[in-house]
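Letters are used for the chains, namely A, B, C and D, taken in the order the chains are written, and counting of residues starts over at 1 for each.
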Amino acid sequence: MTTKIGFIGLGAMGLPLARNLQRKGFPVCAYDIAPDRADAIVALGGSRAGSIAEAAERADVVITCLPATPHVEAVVLGPDGALAHMAAGALLLEMSTIDARGTDKVAAACAARDVAFVDSPIGRLVLHAERGESLFMVGATDADFARVEPLLQAMGKDIHRCGGRGMGSRMKLVNNFLLLTVAQVSAEAVALGTKLGLDIGTILQVTGATTAQNGQLHTLMVNKVLKDDTAPGFTIDLAHKDMTLAMTAAGELRMGLPVGSAAYAVYGAARATDLAGRDYSALLDFACANAGIEPPRT
Amino acid sequence: MTTKIGFIGLGAMGLPLARNLQRKGFPVCAYDIAPDRADAIVALGGSRAGSIAEAAERADVVITCLPATPHVEAVVLGPDGALAHMAAGALLLEMSTIDARGTDKVAAACAARDVAFVDSPIGRLVLHAERGESLFMVGATDADFARVEPLLQAMGKDIHRCGGRGMGSRMKLVNNFLLLTVAQVSAEAVALGTKLGLDIGTILQVTGATTAQNGQLHTLMVNKVLKDDTAPGFTIDLAHKDMTLAMTAAGELRMGLPVGSAAYAVYGAARATDLAGRDYSALLDFACANAGIEPPRT
Amino acid sequence: MTTKIGFIGLGAMGLPLARNLQRKGFPVCAYDIAPDRADAIVALGGSRAGSIAEAAERADVVITCLPATPHVEAVVLGPDGALAHMAAGALLLEMSTIDARGTDKVAAACAARDVAFVDSPIGRLVLHAERGESLFMVGATDADFARVEPLLQAMGKDIHRCGGRGMGSRMKLVNNFLLLTVAQVSAEAVALGTKLGLDIGTILQVTGATTAQNGQLHTLMVNKVLKDDTAPGFTIDLAHKDMTLAMTAAGELRMGLPVGSAAYAVYGAARATDLAGRDYSALLDFACANAGIEPPRT
Amino acid sequence: MTTKIGFIGLGAMGLPLARNLQRKGFPVCAYDIAPDRADAIVALGGSRAGSIAEAAERADVVITCLPATPHVEAVVLGPDGALAHMAAGALLLEMSTIDARGTDKVAAACAARDVAFVDSPIGRLVLHAERGESLFMVGATDADFARVEPLLQAMGKDIHRCGGRGMGSRMKLVNNFLLLTVAQVSAEAVALGTKLGLDIGTILQVTGATTAQNGQLHTLMVNKVLKDDTAPGFTIDLAHKDMTLAMTAAGELRMGLPVGSAAYAVYGAARATDLAGRDYSALLDFACANAGIEPPRT
């Protein structure tokens, strides 16, 4: 018997994932606050829900893919939210990038109503979601994982189990902390090299041949800002949100992140400029502007 | 006719390079302030110089591989230094990691005495030098590069031309700034993940599969500190020195390095502990100690 | 006719303020989750409330003095909270140090129920509250200010109007950001001077005679940690909480606080040690421990 | 018998000090690389030296007041420098702000030639020097201090003994580290408050009434940038130089300065803008520009 999906949140990331499910034969009943976002699902043979309740009540698995912690809490836990309408024994697959405390709160509320819970934030970008190449960081019991594995395989391709409930959310937080801080380090290094008179080709060649090599410079910046493309894959505003998750977690855990904090301050400052809505590889342009130089292009 | 080499500075990095030259047939006359360091060259058929002057005076190419800017200035420009004893038309191949201003000063002094000058700092670690796998970042005119290329090929394998005189030194500075700052970012991310309860295997697996991937975590830390090996490849003390070069350059260039400065402060603090002489991958142990957790091992 | 007070939150700061009111003739009905905290008010002729509702329902003015934003929201806005039991036309005097958004949310809820609202966080320390020497940063309309002014005069002595509703909360945030960041700067400067071999007496004398002079070094540290007294006036944990308010506000406002972020990371790191519950002047001991030196004492 | 003075370095700070000496009856023979700088001394009855040697050779006390470490080393230790021309038993009073290592080097060279040495960097600003209100931080033996005390009293008014030779230089470094870092903290706090909608008058009033009070905000900024005056008392460029001294000292001492490093990065960034030559109180304008707000004025 095919798993029936209630999919809530058809944003830039959610829509391609829902489309992948419908295409691979899982019947999707889709809901978004902007009703026409579901048109693409209906066009593929799925259905449109008129409310969160409608998306939730007949689903075997409800999937949420929402912007931030308050949205997830409102959609799942709110007075007329998904959890109130899910059947006992159903499963909530939470795919948003939210804070660990929010994940734990939703997981506990599910447990109290006999609803299974899996957190599985998404790695990589929208373009990867569209190609079915997303990566998933999954926090789940073995039994719950067995239930969602076919869905994750339909939506993407790299599935990483990170531990029990809540650990997917924590892994996402660490992963984005690392990539976003390295992005700023890379921006500073290229700005410094450019100011020293080095050619951008030389900088890329040499750093790519030593252990300095890192994905933020050699994948992200090479493919985006250095080609003069800062149309957002992932905006500086969103990056700032994810850095906030890491800063908050560190605060609650009683630890300092000295370099991360410095990077966080830079994201904060970049948001005061019109780069806020551009791709986060534009940190390079911010660093160069601050240094009084033209940003390099390849 | 074979190029005669005067090699000054047989430290951890200099000695294997000199050995590579002698083995590949370039006659090396070697000098170090510790005379027995030259034994290994003599054993291969080379000769020992009793003074800087002796190493310099009959050489076609003098190679210097020394700890820091003051040593290079003393050895090359000092009252009885190499330059005073080099023949007109000879070439100085300066391979130390020193500041750009120091490189420029030595280059100008050479030009004034009709001695050619090439700067070629070394990438990668001592173990790569021993295997002939060093990387070179070369600042040179075309004519001068043609003269040193066979020597560089005898000593290592990846030769990167970075521009004219002084640009090798500048590229090295940028490269190490990037790798050393990313090393600390990686340490913070692993410490944060560990404190969040994530398994080190999960952290490595997931970050290795996204654009967070970077050489400092996946090459350096995986092969050193995570295997409980902090015997120095590259010490925190040396890393601090190289960070100082970047900070100094940025200061002279009128630019701020907000995240780099934060990383520099961490290197400074780590040097106050007994990790100062350990491998710089031990930044992970420093971050974990500061967070009050056991450092992860694989 | 005398204003009847419902006072909720008899912590280290709240209790002396409530005592001051009762002593100066304002009848206080006091509530705390630890019922015996109200004994001191009863002993002065006041009364004890058995619930938040009881404290709120007959009061002309309800005063809240609570640890953090979630407590204020629960106590005021919760299902059986103060606001639900306050009479139309009564006034809520909110004296906690909470975030600006929390203050605005409570103020809006009050307005919706025809309850007046004033925010007035407290400056200075517990010992000042006990002496009736507290400072208040007041956000209020003129009419509301006229109602609370006699109460503030009974509780403390320096009353600063900071603008309309919510501006007291904002001023407190800025004030603590300044003093807490300067505290860490002072700690670094003394640690640096000590490491350079300067006598602590010299450091204090000279910095006290130039524009470097600042209250964190010359009032706080001189009277606490330098006298080997780190019994908490204001703990590092609480300081971290207040720094979090500033960081959060800056994030929402789209601005970076490069030096504040670095100070925040230090507070975070200090909380991982057993200094977490000590007075925040103990940042000096943290800085000296990190530098590998004995902390100076006078 | 009156002490004969050779005064070398008639810059913004040196000239008023030399004038004070000549006015109070000490015969000054003044030298500067710009010969007309000595006109003001000649006008008061002093004399002009045509060379460093001439200023040095008949002086009982040679005073140097120069921009940075290399100038002091060149002027004092250079081939035709002051030390080579000073009589045995004479005294060098070094008043520049230079690094501790430079001070120690010059002191040692003096000792080797039987010349006494006192370091006495200057606190406060040029306007204080002009009024005879400078502060001095003196490193000296008791005997040497007795020789310079009348001169210091003629030049300024607050004389602080900081320990033996070299300790004046160290105290200056710490003092400026403190004031310059606090200046940036103050700038951030005012920018944050302004962005939160607080009036600058409120910010000043409240922070002036709590322990947040500090000289950088309440003396410096109130009298300069907040009055729309950023004509340099002390430029951002000079401030950056002094921050460099502290960073260098910390590096050599094996300690991290996490907040100081962040402040240093800000000074570095401010130098990339046209604020570089403005008064350092203009950090406030830099912080506000970065936050996208109009800087407050009183």
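As a working rule, a contact is a pair of C-beta atoms (placed from the backbone, for glycine too) under 8 Å apart; a residue touches a chain by one contact, two chains touch by 3 or more.
The structure presented is a predicted model; accordingly, all values stated were derived computationally and were not measured.
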item: Interface residue identity across copies chain A, chain D - same or different by half; value: same
item: Chain whose average C-alpha position is farthest from chain B's own; value: C
item: Between chain B and chain D, centroid-to-centroid distance (C-alpha), Å; value: 37
item: Geometric centre distance via CA averages, chain D-chain A, whole Å; value: 52
item: Distance from the mean Cα position of chain B to that of chain A, given in whole angstrom; value: 39
item: Overlap residues in chain C, where contacts from two or more other chains coincide; value: 250, 254-258, 260-262, 265-266, 269, 272, 290-292
item: Chain C contact footprint on chain B (complex, rising order); value: 258, 262, 265, 269, 272-273, 290-292
item: Complex interface listing, chain A residues touching chain B; value: 100, 123-124, 135, 137, 158, 160-163, 167, 170-171, 173-179, 181-182, 184-186, 188-189, 191-193, 195-199, 202-203, 205-207, 209-217, 219-220, 246, 249-250, 253-263, 265-266, 290-292
item: Residues of chain C touching chain A in the complex; value: 240, 244, 247, 250-251, 254-258, 260-262, 264-272, 276
